[in-house]
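One chain, subunit A, links the two complexes that follow: it is found with subunit B in the first and with subunit C in the second.
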Partner chain A sequence: MAIEINGKTYETDEEGYLADLNQWDEEVAKKMAELDDCELDENHWQVINFLREYYDEYQIAPAVRVLTKAIGKKLGKDKGNSKYLYQLFPYGPAKQACKYAGLPKPTGCV
Partner chain B sequence: MAKQEFETPSLKKIPEIPPVRIGAMAHSKPFIAKAEHQEALGYPNELVNNWKQVALDKMEELLGKYRSLQVFMDTCVKCGSCTDKCHYFLGTADPKNMPVARQDLLRNVYRRYFTFAGKYFPKLVGAVDLTEEVVDEWYRYYHQCSECRRCSVYCPFGIDTAEVTMAGREILAAIGVGQKYSNEIIGKVFKIGNNLGLPEPALADTLEGLEEEIEEDIEVPVKLPLDQKGADVLLITPSADFFAEPHVDGLIGYAKVFHQAGISWTLSSHASEAANFGLFIGSYENMQKVAMRIREAALELGVKRIVVGECGHAWRVAYSFWNTLIGPFDFLDPNYPVPQHICEFTYDLIKRGALKLDPSANDDKVLTFHDSCNVSRASRMGDMPGGQFVIPRELIKASCNHFVDMAADTIGEATYCCGGGGGLLTDDLLELRVKGALPRVQALSEVIENHGVTHMAAICAICKSQFSKVLPHYGFGMDMIISVHQLIGDALVFDSTH
Partner chain C sequence: MSTVKKFMYVNRHAPYGSIYALEGLEVVLIGAAFDQDCCMAFIDDGVFQLVKGQDSSASGMKNFSPTYRALGDYEVTRLYVEKESLMERGLTKSDLMELTYEDEDDDWAEKPSIQIVERSELGRLMEEQDVLLNF
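For the complex of A and B:
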């Protein structure tokens, strides 16, 4: 599978996750969101950018409490919880946000 | 994030057995493992050229290695007891999800090649040739069984459907057709130490964050030690406990129990996973390799005891297989059970008065308990028969004033699978997972309606993730499902004396 944007091809796996993390750019994130009928606003980008920074350091997506804590610091305590993250990413912050951020899908009993 | 393309079954006033719908789930097929997922486990990268011979050789090997499988292939008399016992049949109405029919997919081929009647008079005994279509059907339907073994409870011969499914999956992997979800995960355990692929620095960072969170919450410096040599207890827990909700609140609960009891403990970055998907794919070798990390960590850290966190099949592997897989455990303290379940551990502390619990802390909740299949039907807990049913309920009652059980034929030994066990907790099987949850959700809806139940507790990472995902499909909140040790953690009273 692949996503095409302005003549550029982004390879993805069966579930639409980017095959090569280094190929990621904002355009592909927007396109992935568009395919899910989701429009990315500033709050989505805060989450996506944090995921990318964390992955860069630890080679894994952050655990849910690491993420909610970081988002709480950035956007205010009332937003540092998974209820808020599920409002932003209804398919689940771990999976949907990771996809837009170009990260591999978290595996395991999650 | 494909949109839902199936209908969630409707909940009825009284549970009903659906009229069969032939082929209703014939389309269900999880992603096939890629070359790299197969290779790490010692399986061929893709369907081998002489797949038929390899499959029959593998079947012969398994029949010789596991006498149980030979007996299960020969014994079924088609009495029909199992037909309405499977949650996947009840949720999908596909007759091939009647356990006997699913077993027969393998049994018919067994007859053809391994019995006198089947070799010479195949049509008389329902024996079938091994063809590509048969292999495809195996792949589809052996991934519509969660190896929960509920049907086995009702089988007059005790035929263990899970073992038949495991054999089916192992034959498939051996010819190059493994399942992506399970095999990718096992590869991550070999490479990194857990199902998530959570490396040591990320684990350390996550645990540190949780310590801060607990201290902010209760003003007590509860620790979550990692790789601490000389600790008394090594806690082996599913990596979902580090990563996901509601699992993480269970982990916080374990930490608070250790803290209040004053018992030194540690997690291990080498063995940062309790789950063992080697069981799900029927591979003894891979199961042993996954489990071996735990022995290595226990020896390296010099612990005296091993305690297993809330993970259903991990407890089965630990309780029923560890001794032969990674024993002997002569280096551990013989005064304690080897292995010991976290519920057993906490229950013992409660009985000895070592924990101070205030159940009114959970007065906002009315609880019920979901027995997880691998704990219920494949193991025991504590020193009494049925301890695996009694102990978790005693923990809930000690930490919560309002508890009510679901219908008797849906709990205990007769418990229904959550619908996502046995290596099926993957998004490519979402339809199966939602439909397979029907019998459990049906029983849950009855106690919600009749007793005002607000939460369901469980002691399995798969059950917790599965319910968070599927309960909303039935109109219930994802946060209804919680960890038993979350209740304990919230009810523990910390004061100056602790």
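For the complex of A and C:
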């Protein structure tokens, strides 16, 4: 599978995750969201950028429990809870946000 | 979630050159994501997994050593390293990465995750587990 934007091709796996994380840019994140009927606002971007930083530091995509806790620590308790994150990413915060962030599917996510 | 079991993941292989270490680490994270009581043991060449300053470029494998630093976030807070295995390889505790976790019950104080234990003590710890998984 692949996503095409302005003549540039982004290879993805069968679940829509980006094959090469270095290929990521904001355009592909927006396109992925559009395909899910989701419009990205600054709250989405906060989580997406957080995930990219987490991956950069630890070389893994965090499980949802870990993501929730870490977001709470960084962005405050009102954002570090699953209700808030599920509102932003109804398909599952770790799964859906990781996809938009160009990361592999989180470890421990079945 | 029903019953929580005590899992120990026993790592015996060097980090690169085989897939054991990386697979072992992934399985720990999965166990932890399912809220099991997880700890890890590092014996034989497995102690090399925790050595700091790893450079995997010549092996063609990704350097996944930063991922051990995420274990604290997953509440994997006990990493037992066998003292004899370290000594046999000319290593000391100062050759290992400084891995920490934040203790929720102690005002999030940062505490070391790595514990150096003697072979006999590690045997006793293994006895306490419900499940031992070898990698």
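Heads up, the rule we're going with is that the second predicted complex is superposed on the first by the 102 of 110 C-alpha atoms of A that agree within 3 Å, B and C clash if a C-alpha of one lies under 4 Å from a C-alpha of the other, contacts with A are read in each partner's own complex, and residues count from 1 in each chain.
What we mean here is this: a residue touches a chain if its C-beta (ideal position, glycine included) is under 8 Å from a C-beta of that chain, and two chains touch if they have at least 3 such contacts.
Predicted model only: the values in this text are computed from it and were never measured.
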Tell me the contact category for A:Asn22 with respect to subunit B and subunit C: first, second, both or neither. neither
With both structures fitted on chain A, tell me whether subunit B or subunit C touches more of subunit A's residues. B
Touch test for A:Asn6: subunit B only (first), subunit C only (second), both, or neither? neither
Return first, second, both or neither, reflecting whether A:Val66 touches subunit B, subunit C, both chains, or no partner chain. both
So, does A:Tyr58 touch the first partner subunit B, the second partner subunit C, both, or neither? both
Those residues of subunit A which subunit B touches in one complex and subunit C touches in the other: 58-60, 62-63, 65-66, 69, 107-109
Name, in rising order, each residue of subunit C that touches subunit A in their complex. 26, 29-30, 32-34, 62-64, 66-67, 69-70, 73-74
The residues of subunit A that touch subunit C in their complex are 57-60, 62-63, 65-66, 69-70, 107-109
Give the list of subunit A residues in touch with subunit B in this complex. 14-16, 35-36, 58-60, 62-66, 69, 82, 86, 91-92, 94-96, 99, 106-110
Residues on subunit B engaged by subunit A in the complex (per definition of touch): 1, 31, 181, 184-185, 188, 194-199, 201-202, 205-206, 209-210, 213, 238-240, 242-245, 248, 275, 311, 425, 427-428, 461-462, 464-465, 469, 478
